[in-house]
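Same chain, two partners: chain A is paired with chain B first, then with chain C.
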Partner chain A sequence: MMENNKDILNAYVLPVLRDIKEALKAFGLPRLIITGFLLLLFIIAPFAGISVGASLTDTLGRFGQNAIMVLAMVPMIHSGCGLNFGLPLGIISGLLGATLAIETGIQGPLSFLLAILYSTPFALVFGWGYGKLLNKVKGSEMMIATYVGFSSVAFMSIMWLILPYKSPTMVWGYTGEGLRTTISTEGFYYHVLRDTLSLRIGSLSISFGEILFFALFAFIIWAFLHTKTGTAMTAVGSNPVFARASGISIDRQRTLSVIMSTWLGALGILCYQQGYGFIQLYQGPMYMAMPAVSAILIGGASVNKATITNVVIGTILYQGIVSMTPSVMNSLIHTDMSEVLRIIVSNGMILYALTRKSGASR
Partner chain B sequence: MSEMTKPLLEMKSVSKEYNGNPVLKDVSFTLGQGEVLGLVGENGAGKSTLMNILFGMEVIQQTGGYGGQVLIDGKEVKFTSPLDALKAGIGMVHQEFSLLPGFTAAENILLNREPENKSVLSLVFGDRANTIDRKKLQKEAIEAITKLGVSLDPDMLVSEMPVGHKQFTEISREISKSAIRLLVLDEPTAVLTEKEAEMLLKAIENLSKQGISVIFITHRLQEILDVCDKVIVMRDGRIINELEAASTSINEMAKLMVGREVATSINPVEKDRKISDKVVLSVKHLWVDMPGETVKDVNLEVHEGEFLGIGGLAGQGKLGIPNGIMGLYPAGGTVTFSGNSIPLNNPRACLDSDLAFVSEDRRGVGLLLDESLEWNIAFPAMQIHGKFLKKYLGGLINWRDQGAIKEVTEKYIKQLQIKCTSSKQKAKELSGGNQQKICLAKSFALEPKLLFVSEPTRGIDIGAKALVLQALREYNRKYGVTIVMISSELEELRQCCDRIAIITDGAVSGILPASTPSEDFGILMVGKTKKEAK
Partner chain C sequence: MNKKMNRKFDTKDFIANNIVPIIFVVLCIVCYPIAGYSPEYLIDQIITRLVRNSFLVLSLLIPIMAGMGLNFGMTLGAMAGQIGIVFITAWNIVGIPGLLLAAIIATPIAIILGWFCGKMLNMAKGREMITSYMISFFMNGVYQLVVLYGMGPVIPLHSDQVILPRGYGVRNTIDLINVRRSIDNFLQFNIGPVRIPLLTIILIALLCVVIIWFRKTKLGQDMRAVGQDMEVAREAGIKVERTRILSIVISTVFAAYGMIIYLSNMGTLNTYNSHSQIGMFSIAALLVGGASVSRASIKNVFLGIVLFHLMFILTPQAGKNLIGQAQIGEFFRVFVSYGVITLSLVLYEIRTRREKAESAKVLANAQEAKA
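On to the complex of A and B.
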């Protein structure tokens, strides 16, 4: 009888336990803690007098707004350029597209398409230059990228003032020139995706328009990584010397990845603006890279490996924390702890990931 | 029992293995006071490991210690750190210099053992505040230099010295240690000019006269004859023979070094094998700037369907040849393959001309360690020849054909008997031998016309070695693929190849049929033509 029990234990129970252990290990301790924390927040929420439906709506809305900017991390991670701390450059391309679209005066959903169209050439040119620069500083891409982001923001802060924009919705009212710091997308592409295919169940509303828009680009990136060029890009990130010995031009693959990341960054900010309702100029893009970087890392990506799953999981977890902590914490302890927590989570995650080079598996 | 009757150093059946690979087997020898012992052998014969044991290097302890006994003055010693060895009077001069460039010769010689003066401050702060006694320092340094019997200015900065003088500074430092009784010199003449080498040999004789024993490791066999009392020849971790220097010859040493007079039975290249006269690859005036393996001027012709070996000692440039031709290191010269000129410094162009290369740096160049075996094997063929791809939208989209990739991977896993859990396993999880097979499979999948294979058996066990060599031979015979194999192991080359080129000092010093006795190769390796040796 005892023997029998032992056999059953060995044959069925232990492998399952081992699988669970492996799965937990693959999921990673930080993600486990954050998931646990998020679940805890959702459990506490009703007791703190907060509607779970509204909280979920908020989380999903933020997911739709931010997911493409997180997706913008993927190509550069694959080609070995590290995390795209230079995301502000892509965002600036998006801002140029957005302001030019509004300048034309065309209203409604068409302005969103125009914004995408106008931002594309900027993203391609900026991405190309940014890629060339990163090829010259192999090994310290992330630090250089951070400063590319910062300095482009500073440069554009001047440009926003002197570029000859005329549209009365955008320029300062008292001088008639120079763009305002925040510009409303109301009347142009405000909620153009969010209000498409949205579903309301009580206090919960889900916008399938945003989710499908993200899914479309996630699919394109996923598919790209399954093509010949995508495979070469991943190989460059995995072992550049191997790729070179196999006749791949490392620099070309890296530049391509940076252009893709920059363009996705431009797209990402447009998507963000339609949900948020405002175009934020000047210092707006300054720290936009941090939440995106942090989200993909929470999702389980590492400096040199990332998947679409990492993007989805990471964005949900990160945005979940960001939207839940303020409401729950504030109503519990009546002190504004949310910002502190958000900073701890986002910077802590970046710090954690940068100290560990290995990570996600394909 | 007086101390004089005991030999200074005695090694009794010393053995050592790294991770189950024996690198030293039953090594025993004795060394008397004032004797000069020459130690020769090919790279990997076990010379350095033996010296590491003698010198108590930490790497020995970390890998499980050694077997056998080391006796000094008849008493067993077990050094656990080089400091112990220093205390016992053993000094060692390594191939690489460890000198401070901004300091003078004298300062370097007595570094950290400077004679000191007490100052007022020392009363307060202790010995740390002592000042250096410059006069005494100078005197002691000069003493050491005179003992060595060379001319060396004690005030010269190391950074301004010619290489030879740096070497003398190193040796002076060792002999300035008062307890010094045994000095190990690891290839001290490799970097010296002929004149400097001569001075150094004189210095060794001087030391020997003063009762200091010397173990002298070198590849220049003539120096052994000039200066040593006896010679130990090592091969494959064993002492092959102990010879009296006075009664041996370069030929005899070379023969012992590279292998026994090989019986025809283990030379299984078919006797009636005909090689076409057609030259398929011609290399003219090739230079390659590969650190540590510089190629200076190589001229080489490879015939169609041939299995050519390239051998030579480490650092002479044999590895630079394929790395240069395949565009991995800056190179110049002309390379022609089947009538077409191959542009150098362009890996893609080489691969497009149906050349392929299995690198000696498996982990660095050869593999995507973090990716699956499927990726590793299929990647180059996919990128170069567009294999394993499905085309959509009229060729606009080249989709990875996972099925075809799996198929080809499993084919090679079976064919080369690669041990793995599945074709999805990551390359880094395989053993060295199996990784090497993946590298071979990767190039086989490219279906090249000419294949460079660099050090295919480095760091893999004997069983895997045989399989790898067998696979290469089959590939050559079955598909008529021309193979150029670069290896440090002459025996391996002699087993597989039709002809063997020996590279010395960045140039071809000779090409001989593989059936030539190994001593002739040995002579080419040490940089002498046959005439000179006789």
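On to the complex of A and C.
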């Protein structure tokens, strides 16, 4: 009888345990902690007097706002350029598009389309230059990308002051020149996506507009990565020597990926503005790359591997924590340490990814 | 080295290798008449800033020697220094003894943080800079957790000067009236309107001597070997990981002392900003002085601080006089700080690649000749 039990144990139970262990290992300890923490928050929330519906609404809203910026990480990771710390460059293209669209004075949903339209040429040009630059510095893209982002934000801070914008909704009231630090999108494209196809069930409201908008671009990127060019891009990232041997132009693929990332960054910030309600200029975009980078890493991506699933899971987890911690903590211990926790979690996650062996090539 | 000296002086090469300092010299020359400051004022300001920042910038040299690039983790040392300063201000300890105590408190914290940073960087070989940069961000969160929530209830500190009225957490800005300029005033003399703080200068000179001496020690030689080629160094029996950790620990401890000197000179502590700002400015200053990711000397430190801070003083005033808006000058200097770091990093990468390609070509030619 004992023997029999042991056999069963060996044959059925142990492999399952091993599988679970392997799966956990692949999932990664930090990711596990973050998922557990988020679940815990949702469990505690009702006891702390917070409606789960409202929390979910908040999380989903933030997901819709931020997901495209996280998606912007994917092409560059695929082509081996690493994490796009230079996202602020894309954001700046978006800001240029947004301010130009408001400058025309056209209101309503049309202004959103205009903003996308106007930001596109900037994103293409900036992305092209940025891609060319990153091709010259293979191996330390991430460090240089960070500083390209910072420099461009600082440069544009000067530009926002001296560019000849005239629209009274945007310039400082008393001097009539120089853009304000925050500009409301009210009357232009405030909540254009959020209020389309939104569904209300009690305190829970889901905006399918935002989610579908994200899904559309996620699908485009997914489909692109399965085309011939997309496969070539992945090949460049995973094995440059092999890619060169099979006649793929490495530099061109990398530039293309950087342009895509930059454009998605521009689109992402527009999507963010329609949900958030404000355009943030000057130093606003400075650190916006960090949440996006951190989100995709939480979702399971590494420095040289990322999928659309990583984007979706990561954004939900990251934004879930960001939106849940303040409310739960406030009601439990009456102190808001959420901002500090956010800094530790998001930067800790980036640090974790950078110190993994898997991405040792760069 | 000799080969380089023997080669004829090439203007084009010189400009290409020193483009960043040259840009700054030109910038300062252009801004100087527009800003319209008197030379005495500028010299006094430059000396103040030299004594304020040199120690911090010098702390960056050792990791560069060990081939770990610019140590963005120096922010960690600055945090340790700030914690020391917070304690002595809360305990009301005055003058140089206070600063000494701050240094004593900061040392173990800096050692622990430096060790942590070094460990992490050993796990991320080949991308030390971005990793040390992220470490500084991550530890900034931990620092805020400790200083904003821990000080008061967990770490007993009870001083109205330091702790926020709510009973825990350190104030946003702390007036360091107890230790303001206490090192600088100790042995200060004036030449005309220019103040010369002798003791601080002696301290900085001492650190320079230590760094020069350190290069000649066994550990210093090991670090240079590790910086040249990790694998070769390992073959030669050098404990690569340990050497790298030590270089970061030393840098972090020096940065902590540098921060204490800096804060005592400034006279105010921005509890939640000072350290991150100082990291960026120190690195930018070093690069302005003509240093690169793999090579930096004491000469680069001083030249860099003079040029960078000259630009810092001149641009807001020049912007104000030129366009009527001081804010443009402010943004401009932020842009220049970031831009300089970007430019130096890019130029360094391009140069390294070119050198690699050239040496590969030389090797190929030699092999061909042999065959």
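One rule holds in what follows: the second predicted complex is superposed on the first by the 340 of 362 C-alpha atoms of A that agree within 3 Å, B and C clash if a C-alpha of one lies under 4 Å from a C-alpha of the other, contacts with A are read in each partner's own complex, and residues count from 1 in each chain.
FYI, a residue touches a chain if its C-beta (ideal position, glycine included) is under 8 Å from a C-beta of that chain, and two chains touch if they have at least 3 such contacts.
Not measured: the values here are computed from a predicted model.
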| item | value |
| --- | --- |
| Touched partner set for A:203, first chain B, second chain C, both or neither | neither |
| First, second, both or neither for A:247, with chain B first and chain C second | first |
| Chain B or chain C, by number of chain A residues touched | C |
| First (chain B), second (chain C), both or neither touched by A:355 | second |
| Chain B versus chain C as contact partner of A:238, first or second or both or neither | first |
| Which of chain B and chain C A:227 touches, first, second, both or neither | first |
| First (chain B), second (chain C), both or neither touched by A:335 | second |
| Chain B/chain C common contact set on chain A | 362 |
| List of chain A residues in touch with chain B within their complex | 223, 226-232, 234-235, 238-239, 241-242, 244-249, 305, 362 |
| Chain C - residues contacting chain A, complex | 120, 123-127, 129-131, 133-135, 137-138, 140-142, 144-145, 148-149, 323, 325, 327-328, 331-332, 334-335, 337-339, 341-342, 345-346, 349-350, 353 |
| Sites on chain B touched by chain A in the complex | 326, 328, 347-348, 350-352, 357, 359, 364-371, 375, 379-380, 382-384, 386, 389, 397-400 |
| Sites on chain A touched by chain C in the complex | 85, 133, 136-140, 142-144, 146-148, 150-151, 154-155, 157-158, 161-162, 290, 335, 337, 340-341, 343-344, 347-348, 350-351, 354-355, 357, 360, 362 |
